[in-house]
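Following this message is one structure expressed as structure tokens.
When the chains are written out, they are named A, B, C, D, E and F in that same order, and each has its own residue count from 1.
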Amino acid sequence: MPSPRTALVISAHAADFVWRCGGAIALHAEMGCQVTVVCLSFGERGESAKLWKQPGMTLQKVKDTRRAEAERAAAALGVHDLIAFDLGDYPLEMTRDDKNHLVDVMRAVQPDFMLSHSQYDPYNSDHMYTTQVTLECRSTAQAWGHNPGQKILGAPQLYMFEPHQTEQMGWKPDTFLDITPVWEKKRAAIECMAGQEHLWDFYTRVAQNRANHFQRNSGGQAGGRASKYAEGFQSVFPRTVDVL
Amino acid sequence: MPSPRTALVISAHAADFVWRCGGAIALHAEMGCQVTVVCLSFGERGESAKLWKQPGMTLQKVKDTRRAEAERAAAALGVHDLIAFDLGDYPLEMTRDDKNHLVDVMRAVQPDFMLSHSQYDPYNSDHMYTTQVTLECRSTAQAWGHNPGQKILGAPQLYMFEPHQTEQMGWKPDTFLDITPVWEKKRAAIECMAGQEHLWDFYTRVAQNRANHFQRNSGGQAGGRASKYAEGFQSVFPRTVDVL
Amino acid sequence: MPSPRTALVISAHAADFVWRCGGAIALHAEMGCQVTVVCLSFGERGESAKLWKQPGMTLQKVKDTRRAEAERAAAALGVHDLIAFDLGDYPLEMTRDDKNHLVDVMRAVQPDFMLSHSQYDPYNSDHMYTTQVTLECRSTAQAWGHNPGQKILGAPQLYMFEPHQTEQMGWKPDTFLDITPVWEKKRAAIECMAGQEHLWDFYTRVAQNRANHFQRNSGGQAGGRASKYAEGFQSVFPRTVDVL
Amino acid sequence: MPSPRTALVISAHAADFVWRCGGAIALHAEMGCQVTVVCLSFGERGESAKLWKQPGMTLQKVKDTRRAEAERAAAALGVHDLIAFDLGDYPLEMTRDDKNHLVDVMRAVQPDFMLSHSQYDPYNSDHMYTTQVTLECRSTAQAWGHNPGQKILGAPQLYMFEPHQTEQMGWKPDTFLDITPVWEKKRAAIECMAGQEHLWDFYTRVAQNRANHFQRNSGGQAGGRASKYAEGFQSVFPRTVDVL
Amino acid sequence: MPSPRTALVISAHAADFVWRCGGAIALHAEMGCQVTVVCLSFGERGESAKLWKQPGMTLQKVKDTRRAEAERAAAALGVHDLIAFDLGDYPLEMTRDDKNHLVDVMRAVQPDFMLSHSQYDPYNSDHMYTTQVTLECRSTAQAWGHNPGQKILGAPQLYMFEPHQTEQMGWKPDTFLDITPVWEKKRAAIECMAGQEHLWDFYTRVAQNRANHFQRNSGGQAGGRASKYAEGFQSVFPRTVDVL
Amino acid sequence: MPSPRTALVISAHAADFVWRCGGAIALHAEMGCQVTVVCLSFGERGESAKLWKQPGMTLQKVKDTRRAEAERAAAALGVHDLIAFDLGDYPLEMTRDDKNHLVDVMRAVQPDFMLSHSQYDPYNSDHMYTTQVTLECRSTAQAWGHNPGQKILGAPQLYMFEPHQTEQMGWKPDTFLDITPVWEKKRAAIECMAGQEHLWDFYTRVAQNRANHFQRNSGGQAGGRASKYAEGFQSVFPRTVDVL
């Protein structure tokens, strides 16, 4: 029996993996792919406004709440392993040890592909920092001399998932994934994010409009393949294929 | 029995389809894909320096020679149909009738994918004009009201094949195709281009170095998949997929 | 009494002005701005798939239907003047006389600002051609020696309205306009487009998500100004201001 | 009585706020806007060549001189508050505490808009570092969980002021501000910079030529609005408006 | 005795060659280089506002005046040959015959380098059209089969000279030329342009500020080489050298 | 006797200077230019896969081997001074002291030009980090107040040499250098890199194909100057010249 496929999502904050690639996670999980999600932080300082408006709120309570939400969402999506690095946010900062931890995860998971943020984001320096570090750690994980004897990382694609304001980030999707079969799971995961209810419908609409783009790119005015929900991704690296 | 796949190559001059996507043609032809090649011109004025240096040369002789070379190359590659528009080159200019002819070909072929030049080329305005017209004709071929009753075109990918000086054209490959199995055919087709012998080894080296890129992108320092010859392509449109 | 403000929308096809800037039209009309809309074509060949699928359809019937829809939509939005150039679509082509006609309109309207398509669109060469011609005609309309004695055009901003797949067009909005007060009018105009019902909800969702961007850019996590529907625009030219 | 408007300038070196946005400062100060200027360094190492050529010069003397110049210039412009972080230059480096200090200033000032350097500058890494940190601190200042209980920052525009060689920095102004009414103040502030006299006339010419651009963009060949001195700015974020 | 060097300037309107590369012309003329200037139009419609405001003005009078000004300016600069194509402006349009005329000039001049406009200009479609046609004609002039027997064109660099609002055109200079020795000639040529007196000082300031850039790029804070007037150019093609 | 010219190469890993600018080094060394090479690391962890596959390999052995290879290659090329910073790779990290060391080297060498990596490289964060630090140190080395009394750095060009997959790095060469006269030395240096034998022929083919580009850019179809081996470079800064 061949090994299952594996994927690695690197999410700056606890909810990013839900909004931005929850469909991809659920879809691949259903196909038997083991999807590991790393949350570098819980988004406890900068993405938890609703919680902070409650009286008596503390950083620990916010983190606990966000962690619980992320775990429920991960369960809803069929995440194989949810790893919380708990590094703090706004600003997210990683020491060399933190980076080595991420390298360890990359080597342990040996992902067939990875997912993370866009490379530019003037609204959110945590997001672009995460992708920068992901690329740096991908290089380290490929180095034979880093922890010699370990199995080194291959050359997994890095897909950049959809940021909040795509055009401001210079993000251009080159891949649309039909997530219609798993939409209910993604919506369920979205609804785990109690603190950001204002985004539930926003990202539902995103999925619906990306489905329009899926259909259009799969067949234009001749029809195309119907899709009700989709996600878009931008590839960092070229693909290698045997057929166009 | 399902219909065979089809592809359409739109080549500004008679030899472009050989240097730039001869491997893709031969590979897909071997897989049963019917590849139609449109040569908008023979490159008779601007890509036939060697012929013009012969005494007594005429435009007709150059065109005849270039046509014969293109036909031999097409045969070597397994081209399904070679269509010469014979529109002249440097500058290549297309009337509305010429464009409608190309629309007719697109609709007749119903290609699963198309191949043409890069979108920018300061050295060669025929090349970028060809891609501009290809996109315009793709729009027309998709229009229900153009020759109503005909089967309209779907939304085939347009792959831009490798130009001569990639960086000057802003061309960035996102897809590497392993053409090792058909290299001998591509080299044979290349050698049909008697008038441009100085490019035979140039494009052989291109294929060898693209194979290095293929291998690196398929597995990095972990090995990757060995390839001896490859071609690179840049996609104009996003892909629609069911799995990443 | 000062002259009312004026605006000029240049729309490649009959429906573009509705989807892409219907809110801006209705909002400015309510403020007393006279908005002229030029439809260069009816989109009769390439944007009327549903009509062409009806038995016995002819080009004239499609044009009549599209014209009627555009007129109803214009009325719903409060368009001051709807001018149909009837030039045909896919491909849209303009002679020098057609361009001079557009120059005449620009000079007659003397718009405070203009609206048209994005500068790049690989899916739709009519769209980018329209913007190219708009810029060319703006230059001509500014020339003292073109029809000497006429009042020349000033330097109106050209806003590029939202294309269908923003990221593929390299379109980046720099201006979000709150259209909440006139949303019902825009929706009513949208529903005039009987032949493209599949886009009604798509562009409703676009407006809702742009409202999220409006709110976020007006105040971030501090709240921002609530908006339920918005439109985005990209400016071609710099603004000149007396206060930042 | 409503609160006055506020603005925050973040200047890598002591003189940048003078050359690059002195007009904007003086103009807004005259309108009652309270403009705070942060100088991260005095430019004591890298922008004080003339002083270092004097015999017996020391770092402290350079800093004292530059501080005095900056204070005189700030007074000439009507700066509300000049805050010297004194972090050193070439290279400018900021610890997390330094960044938190800047976050504190952002929250205390609650600026309606901010001004800082271009995002790219191969000649001057202090400049681009300043903008990178400004964006990072803007994110932190917006985070409810950073120093909970403080009033968080809204979403102020960040205008990038004019760098020394605009085209090399990829800087493209989208906003021209007429500073004619306050030109004398800007020139007076410029002349406070005794150590960089070679730039006095350079930046005077910049202001004069930007006035030409102001006039051209406000009316083209139809006249436009006369301006004798202007400044240009590039916006990082989209605007939110109720009228085009 | 070797042949003198030659250069070819292709100017959309009669005055462009003066403002944008008058210094380069005069400098090379003094070195014995034969500089041919092609004016595709006189700028009679769109760049002669002052003339058109005079009573009784006619197109012919404007053209005569502009021609005379251009001839005086050319004489002041030491132009070898001034060729007026008289094609009209705003919009400038070229037939295939017009283009062949330009090809003939290129082949006759055999320029060591060429100068023309920027590749993008939303304010002025004549300017970008000129560069597009220049590149197209360069290709044709290189084609052995175009007028066989003529000496074909080599591969001269195309320098794009400075447009009016550099950043809006995406123009980035990579070459600064010191024109101090010939400044008086350039100023004299500028003053031949009686109809555009408002630009005399504008372009003088441009030259002074480019001299600052020349000095800075030639030596930074270490001094650099003093220059009082300079011009900037962007190269389309790579250079080929024997020493860095 | 005038001072010899000097150049400074800043190489992230021990072999980069060989593949990417070995020809430039050898060519300038033959002309009497003193070329200093800084290797920030030996590439011991990430570019020594072949060594690590040997049994009993240790980091020190890899470094010793790589150092020896680099020294032999430097000798073959005629390097004036090879300075190993030995900072480690993947990731390469530099403290302020390390950067000051590089500043010291820049000031001591006083290079007429410098060579380093491309500014973007998603495959290799060491490479882009090296160029970022090089630009930062160039700024510091130009600062009069850094180690006052030392001779400051002028404004040397920074040429970015060819990365492994040029298009993925956004690298666009603007300068082709003919290295035919020193090819044997470059090939000899390449063959010193025993651990990366798979790249010997790759970079030989790169040099051959760049020679084709050299010839084409020096004369197009008219012939151009023959070259058998060349290298390409992208300039960061504009040139300052007295003749075009």
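By definition in this document, a contact is a pair of C-beta atoms (placed from the backbone, for glycine too) under 8 Å apart; a residue touches a chain by one contact, two chains touch by 3 or more.
Note that this is a predicted model, so its numbers are computed, not measured.
Shared contact partners of chain A and chain D are C, F.
These two copies of the sequence, chain B and chain E, are related by a rotation of 120 degrees on CA atoms, to the nearest 5. Comparing the centres of all chains, each the average of its CA atoms, the largest separation from chain E belongs to A. The chain with its CA mean position farthest from that of chain F is C. Mean C-alpha position of chain A lies 37 Å from that of chain F.
Across the assembly, chain F contributes residues 46, 49, 142-144, 168, 173, 213, 216, 221, 237-238 that each touch 2 or more other chains. The complete set of chain-chain contacts reads A-B, A-C, A-D, A-F, B-C, B-E, B-F, C-D, C-E, D-E, D-F, E-F.
Residues 96, 99, 132, 135-136, 139-140, 142-146, 148, 158, 236-238 of chain A are the ones touching chain F in the complex. Those residues of chain A whose C-beta lies close enough to touch chain B in the complex are 7, 24, 27-28, 31, 113, 142-144, 152-155, 157, 159, 173-178, 213-214, 216-225, 232-233, 235, 237-244. On the chain A side of its complex with chain D, the touching residues are 44-46, 48-49, 52-53, 57, 59, 62, 89-91, 93, 122-126, 168. Chain A meets chain C in the complex at residues 46, 49, 123, 164-168, 170-173, 198, 201-202, 205-206, 208-209, 212-213, 216, 221.
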